[in-house]
Amino acid sequence: MPVTEGTKGRHAQSDIRATEIMAAAGARELHDGEVVVVGLGLPEVASVLAKRTHAPSLATLLETGVMNPRPKDTPVGLPDSRSFYGATCLSGFLDVMGMNLHRGVVDVGFLGALELDRYGNINTTLVKDDSGKVRYVNGSAGGNDVASLAKRVIVIMRHEKRKLPLAVAYLTSPGFVGGRSRQELHLRGGGPSRVITDMAVLGFDAATHAMSVLSLHPGVGLEELKANTGFPLHIPNEIATTPLPTAEELRLLREEIDPTGVHLK
Amino acid sequence: MPVTEGTKGRHAQSDIRATEIMAAAGARELHDGEVVVVGLGLPEVASVLAKRTHAPSLATLLETGVMNPRPKDTPVGLPDSRSFYGATCLSGFLDVMGMNLHRGVVDVGFLGALELDRYGNINTTLVKDDSGKVRYVNGSAGGNDVASLAKRVIVIMRHEKRKLPLAVAYLTSPGFVGGRSRQELHLRGGGPSRVITDMAVLGFDAATHAMSVLSLHPGVGLEELKANTGFPLHIPNEIATTPLPTAEELRLLREEIDPTGVHLK
Amino acid sequence: MANKLKSAAEVVQSIPSGTHIALGGFAIARNLIAVVHELIRQQKGDLTLSQGVVGLETDLLVGAGLVGHLIMGGGSLDRFGPAHCVNRARETKSLRYEDYTSLSICFRYLAGALGLSYMPIKVLFASEILERLEAGPGASDVKRSTCPFTGEEYVLLRALTPDVSFVHVQIADRDGNCQINGARWANEEQAKAARRLIVVTEQIVPTEFIQRSPERTIIPGHRVEAVIHQPYGALPTCVHGCYDYDADHLRLYVEHAKEPERFKKYLENFVFSCRDHWEYLEKLGGLPRIEELRADPISGY
Amino acid sequence: MANKLKSAAEVVQSIPSGTHIALGGFAIARNLIAVVHELIRQQKGDLTLSQGVVGLETDLLVGAGLVGHLIMGGGSLDRFGPAHCVNRARETKSLRYEDYTSLSICFRYLAGALGLSYMPIKVLFASEILERLEAGPGASDVKRSTCPFTGEEYVLLRALTPDVSFVHVQIADRDGNCQINGARWANEEQAKAARRLIVVTEQIVPTEFIQRSPERTIIPGHRVEAVIHQPYGALPTCVHGCYDYDADHLRLYVEHAKEPERFKKYLENFVFSCRDHWEYLEKLGGLPRIEELRADPISGY
């Protein structure tokens, strides 16, 4: 097994990488028979892991119009042919995002973020430097649609203070804006349920809708977590330790799902 | 060539059947490059004749989701596989009637009728006997959709007094209801433009929207026409004689388009 | 992986009386005959039935007295005759009945399929169809409205979301991924608007077959609750690429449907006295008859 | 029968400056490169450009200064980098710009394709996207409204009806009947919403080929004004089943797009100095390079 690298070397006590913990934690959030809209990268790795373990009937949808792909090579992006390989349905936005997501049958939306704030609001549009200068990066694409409509949203991202600010520089995709309920915001989807980072698994407090610590990855301390977070976290009385991937999960991740380490580097 | 039969034997001076005159008159109403939604029977025969003569680029659409079929056997109805043969596109209502008809790109709708009144209102739902007893026959299916939305509508039917009443027993598909303009009625399509019967070709007066005689088929007199019509017709100063099908049109109709005389009997 | 393969009898057992069902046939094509016979055998009543263009399947259910509320755009048995039982029910007002058009039913399903509570449309204006809807209980499903951008007048249609949609397809895998050959009328919207979706398929194929032409998948498996593998499940109606309609039987049906008493005999002979669809197929003439009706691979009929 | 076969140059000559065009690519796939190069060579300016998810084609047009109004849902060149020219234009506010999402652009096209002047949708709420639309000139395209049936709050989106839609497809016949292999994003709605529809196809097939699988026809010929037969017309972006993206060239492009001066050089080298797409393909490495990129028939890339 390889020596741990990347991600601040926080898991020197084992040879397990943070990305592998994230993938396994993501997979555990997905239940058999659910419908999930995934992006490429770790969300896809996590959903494939779930499918190969406890959730064989998981339906994985890509916004472009791809269902249940089984790529054998790593796509550079959603429209890359590599992401179509083995699909059981190839259609388009109207089918995946209209007749599934807007229809209300998507259980989980799996998103990344440039920035994420305490209420689970996501920015994928632009960044501002300290002088206030704006640099555009991307936009919503399907992000706002997924965040608005999926029954629950899982965000998977690096845990860095600047990526978890008090307020996002641009509110692309709503969580619990201003701590308000989704109903007040006229949003059908249930909103963010989990944030999986390379330090912790976080949730949202049922009453305040503020981000709350659920479990710390092995070797990560609460103070370290707070220091790397740009907003006050809700700290419950008990905080678990994130389970490490099982030996079988690690084998699948390393030997079958991402053998060249494109996403798990 | 066969001896004339059927349709009141009005064309004893020639061997040309009324249905053949109707088919040729229908074909002449269709221009090359137009998009037409057709029903089965004479509308289909007329559109195939147009396609084989002056309108090779005519696009023929069936409401079920069939484009440009070239049936070699006679279908019993729209969903019969025989009506799919040779099609260049097989889709559904949403495509043909949503993304073409409702989109506003259908030039001509070609309809039949149980009853038709002086303003081109169509009944395809039910008939009432003299005692007022109702007998249901069918309903709109795509009829109201076509009548509401096609740029112009051609009705093709037998000329009988009871089928051309002062008021239809049920107003399934609107023409110029109450003599009003289509705009007043909130209808996008241009409304009825031609009625082709086994006695005459009729149009609609631009000012009153009432049905008007355009041409009488050879051998049909104006008084005979009036006697077979249940409402007062607008009679212009000049009435033409409907041109007979050309020799080539007759050859196509009899030898290629409907050789067994299913629709042209 | 959950086993989605079920018999028509099992599926129908799970459908309570009073359910809103949507059927995927059109006149004399791809009718859900196996399912409808089973609904009749199990006497599931007080059904709400919605459909773009009705045909034999709906005529059977209405004739059997199981439909309490019919929402339809028209329909007949094509050249074989009218839908006698449906028409009789309309004439005698023995059920609640709302008349639409093919496109307006399709838009109501589309709204349902897209998760919209309504859709605007530019048909029905100035027709007796709209007048009657507005004057009856159907008034709660239509509303006139003005476009806030253009000022144009629209009819707003409430979404149709059947409790259960049934669609007859040529090809499905065990997960419920379906391909439909030939015209599809409103099948995609009707299927995806429903809370529960059941497909009846002529053939079960390996998923690998689906993966060879995934652009052809009209219904994805994750939306499908159950797959009923019933070859010839639509007879006497036709299934493009599989078999032609049985003209003799359709004529026989229409003769019986003309009169309530004869219709009862038809049900007795072809539904109640058959344990399942296989027994019914024997009554149609069994394998020799089916071979006569089998489609040729070029024409599809 | 009118001849629909046209060159990219001929088609672009018929497009006035100020036109609203919609492009059918997505990031690094099925981009309308041959058309966009021609628009740049002919300097068609002040364009309104709408697209679900932008990519190289839009970055080129915006970088060339030809876009006055951009309506988009996001986009990048995937792992090769951001859409530098688009982002720079947004940062310097050198064009009018409206941000949407993939689904809201798709619904705006769907409304256009169905002939509806608007569609309701349940996204954009509580986002800065809607806030900015409502605060700017985009306010004329969005409106909050309540469903008259359920009381639910919706955003109403005005229909998008491009003057001209361009779609790159794998297969078309001379009449314009098109099949698209692989995912189709919003292509069908974008195509059918437009007043004029132009397709660029990798291959011209006999109509008989289309008739063998008419269920695969996504765009029917009667909607198509012109067919541009331009093999490799999307390079350096990929076309499923035909060829892979040219990663080397995409990296080279992104390096140039980072800076306006270098971008000018790119245009000079790969657009202005090429008489047509064939000359451009020579610059990409000609036939030997194309053979390296050719898709294998199993994977499609």
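Quick notes on this one:
Chains here go by letter, A, B, C and D, matching the order in which they are written, and residues are numbered from 1 within each.
As a working rule, a residue touches a chain if its C-beta (ideal position, glycine included) is under 8 Å from a C-beta of that chain, and two chains touch if they have at least 3 such contacts.
Source: prediction; values computed, not measured.
Looking at subunit A and subunit B, the chains in contact with each of them are C, D.
The centroid of the Cα atoms in subunit C and the matching centroid in subunit D are 38 Å apart. Chain geometry summary: the mean Cα position of subunit A and that of subunit D are 29 Å apart.
Residue positions of subunit B touching 2 or more other chains: 84, 90-91, 94, 98, 102, 149, 188.
With touch defined as above, residues shared between interfaces to two or more other chains in subunit C number as follows: 115-116, 121-122, 152, 181-182, 184, 215.
Per the contact rule defined earlier, chains pair up in contact as A-C, A-D, B-C, B-D, C-D.
Within the complex, the subunit A residues that touch subunit D are 62-66, 72-73, 76-82, 84-85, 90-94, 97-98, 101-102, 124-125, 134-145, 148-149, 170-174, 177, 180, 185-188.
On the side of subunit A, the complex with subunit C involves touching residues 33, 35, 56-57, 59, 67, 84, 86-91, 94, 98-100, 102-105, 149, 188.
Contacts from subunit C toward subunit A in the complex involve residues 1-2, 113-116, 173, 175, 177, 192, 207, 210-211, 214-215, 217, 220-223.
Contacts from subunit C toward subunit D in the complex involve residues 115-122, 140-141, 143, 145, 147-150, 152, 156, 158, 180-182, 184, 215-216. Of all residues in subunit D, only 26-30, 52-53, 55, 72-76, 78-80, 82, 86-87, 90-91, 99-104, 106-107, 110, 121-129, 131, 152-153, 181-189, 238, 240-241, 244-245, 247, 295, 299-301 touch subunit A in the complex they form.
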